[in-house]
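Look at the two complexes coming up: subunit A is in both, with subunit B in one and subunit C in the other.
Here is the complex of A and B:
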């Protein structure tokens, strides 16, 4: 047991280092390639009059931080979601927040004429919040026993589809919204500025600890509802709290960066073989691995096509789709 | 369950009464929508006018409205709805998952990406339908091929379908950002699915497809009902599981292909028809006839709404199939959870 704990701590430390190193590497890349020494100087001895230092501080650092936080939030939400629904294939995107965020985005373009990424953050957050509330109500979160996982997923699918239909209607009514939406929907950390990040950080500072708390609360439920209840767990409350945490994490991320697929679905599967079945460890590990993976996708998106950037969300899906298929092909036990 | 027994000197036949009533009511509702679509609208046509058109003794305008505009549109809507309903119910029964739909086997995503490819590479919207067919069939073949494991493995199809659908979806999204604004807008309309200005070519495609595939589907449903039991049980009943699965998938892909080429991928019709039919019949799956009728009703109704209520906005029918389908699904959810069956 003792040996296990220390090896798990070592694994978590390696994941953290990997994420931070990748984040540092991501500061080199961009329209103007910067040498390592300049990046380092900008971090340790910041000089506001130096343009290159300003690029690092105002654009690349917020972008790398956003990728770390967003990817981490999605990874953690994925681990929670798969445990809550007892379905290894559940993706936090199933809870309908992406559809809600998309509707918020197109309405703000259509009605308010918003075009810049930073103008889309709060409408997306409002839409995601509305969708999440609907999903929680329809999913049975107000019942004494708490939400039923299957019903929650169905409610998420239905609400997500409803919001997507409304989004399509607006996209067809106004060409301007399609022009902005088709870039937003790829998902990525490109347009994130320092002020966006500063505005969203307090919200993440609340929801990430909530996610961690949810992991600790959900962990005993692996024994089954009845056993957990006998141990003194308030099953209904735990389910509601966990769902709220998942929805908050995903809603914040989609508002910040647009929809990013696969991190929530795949990361917990990468983490479990390394850290075992304990949800508390898996949630922390998924946060760290999700963060590293999002930064990696952000870097690769800048390298795949020379002279062009592919958004991190799209890169993630281009890598994630085939790897999911490989996972399914070469591991017998994965099934729905 | 009350059963209805039909007797003749040669054979007798037992049918659940509820199923007969439900199907009759659904058929009546579909017929009502067809009549409303033909005679109502911005240019009302009376029954006498309609008969006159059929006899060829009427003015050119009425003849044009009925024969060139309304009839092909309604026939396409009816056929496409039936096809999506059938395909959805078959796939959901086969995969034993109410969240599955023909989308899961990659056809819709492949069709969308194929359509986008033709526009992005050839620079014209003339070859959208062939491109979509090529992409859709290709994607379905890839999904089925990759999930092949000494036979078709339903559990594998769902997972591999998700992988392929997401990948193709993103490729489609990326292509969408590389198009100019006008082509992107035109394609967006096609991707949602429209019944606007359908021609007899569309009617031919969908009804020829239905004529060939629907009888096979109805014949096959008896085998499908057994093939969707637990695998050992189905094998014990002597079902050739793999053949049945191949037939089901082939039929579903074929039906979706003709429907998409006639009207685009009207979202949600295939997805909700099955659960609604299932809920109304309170019977075990498959309930093919009810699902097909529900699909037809949703499509006809969506088409009607798209041309009457908000005609000034000219929204395609696909927007309304989704707007109708989603609340219906929510309603089904609430009903089922009240009975604690979910």
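Here is the complex of A and C:
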């Protein structure tokens, strides 16, 4: 017991360090590469009149933080989602929030003429929230025994498909929307400004602890509904609460950075062999690993093609696809 | 003073199919009761209702006179432990992790782990003889070892009432005996009230104080083994012809099929 606990703490500490180091390294890269010493100076002795310091503070730091928080939120949501649905291949995207966010985005482009990434954040959030509410209602969240995970996923698939269909309908009507949407839908942390981040931080500050609480609440459910009920768990409430936490985490991330695939799906699988079956540890580990992976994807996107940036969403798909194949090939079977 | 579990006019249907109709029963406090009956007669359903896992369609289950479906879930879980018939666990879980889960109703978000929890978990592991394997993965265990790990989990819940659905099904003869002896010890030492579904009538006769036989959605007969295990009753419950003899060691009723 003792030995296990301390080795788990060490693993979590390594994951944290990795994320922070990568985030620091990410501050060097960009259209104008900055020397380490300048980056360091900008952090410890900030000088507002120095343009290089301003670049670090206004652009690169918010971007690194957005990647850390967004990647972490997706990782944690993935761990919760796989446990909630008892399906190791479940991705939080299955709950339909990405479709809702996409619809919010194209409506705001079409009707309000939004073009900048940061103008899209709140419309996306509204769309994601609407989709999440519909999914919860259709998934049976208000029934006395609570939602049934299979029903939730079906509702998510239906709502997501409906919202994407509406999105495409608008895109067909308006060519200009397509140009902005095409960029948004790749997903990435490039366009994030300090003010977007500041506006979203309080919402993350609520939903990340909710995600952690959901991990604690969901943990006994891995033994099955009957056993959990016999242990005094209010299964229906736990499912509703966890679903709300998952859609909040994903909705916020997709609003901030667009849809980023694979983190929610792959990260929990990377974490479980290191931390075991305890959802509480896996959720924390998935947050840390998701954060590190998102920053890594963001860095690689700036390195692969010199002079150009590839969106983190696209890089993530490049990393995620092969790692999923490796996981399927080499890991022993997981049942949740 | 042990908890007293009864039910009154309990009815349960899944959709339109009735499974239990107007069941009345009383688990004698501090004694062991066996629930027997043919496959599909509603034994598991009854146990699920008694443990608050399933809400009855009509009627109620009373714990010390109070309806359990109206009580706080956690409070009930500190008094009644239930082991389902087909329990599942995810991969990557160790015996220790499973048994720790039994402490759930005694923990709160702010107080996750105490030395009391530690002591009770170690005792439960010891009682089922799994102390030295506590760190093994559940998927690496045999069916019988797995069953014992689950029993340790409900023991760790440290309740006055124990409801076990087929605790001996996957066990070899020796381990069936071990589990039933363990249940007997717990009942004798700590005054636990136990109800368990058993399929082996002879084991039920040997290791329990009362037997409740179910048939056609209701209790067919109940009482001490000598009253329940008779040739006509076995004919009524299972439709089987048999002779009942007194077993040579304890003089308890023992059935021999014709």
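For this structure, a couple of remarks:
The rule is short, and it goes like this: the second predicted complex is superposed on the first by the 330 of 336 C-alpha atoms of A that agree within 3 Å, B and C clash if a C-alpha of one lies under 4 Å from a C-alpha of the other, contacts with A are read in each partner's own complex, and residues count from 1 in each chain.
Rule of thumb we're sticking to: a residue touches a chain if its C-beta (ideal position, glycine included) is under 8 Å from a C-beta of that chain, and two chains touch if they have at least 3 such contacts.
Because the structure is predicted, anything quoted here is derived from the model rather than measured.
Look at A:121: by the touch rule set out above, it reaches neither subunit B nor subunit C. Legend: residue contacts after superposition of the two complexes on their common chain; A:107 is shown touching neither subunit B nor subunit C.
When the two structures are aligned on the shared chain, A:183 is found in touch with subunit B, with no touch to subunit C. Look at A:81: by the touch rule set out above, it reaches neither subunit B nor subunit C.
Of the two partners, subunit B and subunit C, it is B that touches more residues of subunit A.
Contacts of A:55 after superposition: neither subunit B nor subunit C is touched. Of the two partner chains placed by the overlay, neither subunit B nor subunit C lies in contact with A:42. Legend: residue contacts after superposition of the two complexes on their common chain; A:152 is shown touching neither subunit B nor subunit C.
Shared-chain residue A:240: touches no atom of subunit B or subunit C. On subunit A, the surface touched by subunit B in one complex and the surface touched by subunit C in the other have residues 334-336 in common.
Note for the complex: subunit B touches subunit A at residues 97-99, 146-147, 155-156, 158-160, 162-164, 166-171, 173-174, 176-177, 181, 184-185, 188-189, 192, 267-268, 271, 313, 315-316, 318-319, 322-323, 325-327, 329-330, 333-334, 337, 342. Across the complex, subunit C meets subunit A through its residues 48, 51-53, 73-78, 80-84, 87-94, 96-98, 101-102, 104-105, 109, 157. On the subunit A side of its complex with subunit C, the touching residues are 1, 213, 216, 220, 222-227, 229-234, 272, 276-278, 332-336. Subunit A contributes residues 89, 138, 140, 148, 150-151, 153-155, 157-159, 161-162, 164-166, 168-169, 171-173, 175, 178-179, 182-183, 185-186, 261-262, 310, 313-314, 317-318, 320-322, 324-325, 328-329, 334-336 to its touches with subunit B in the complex.
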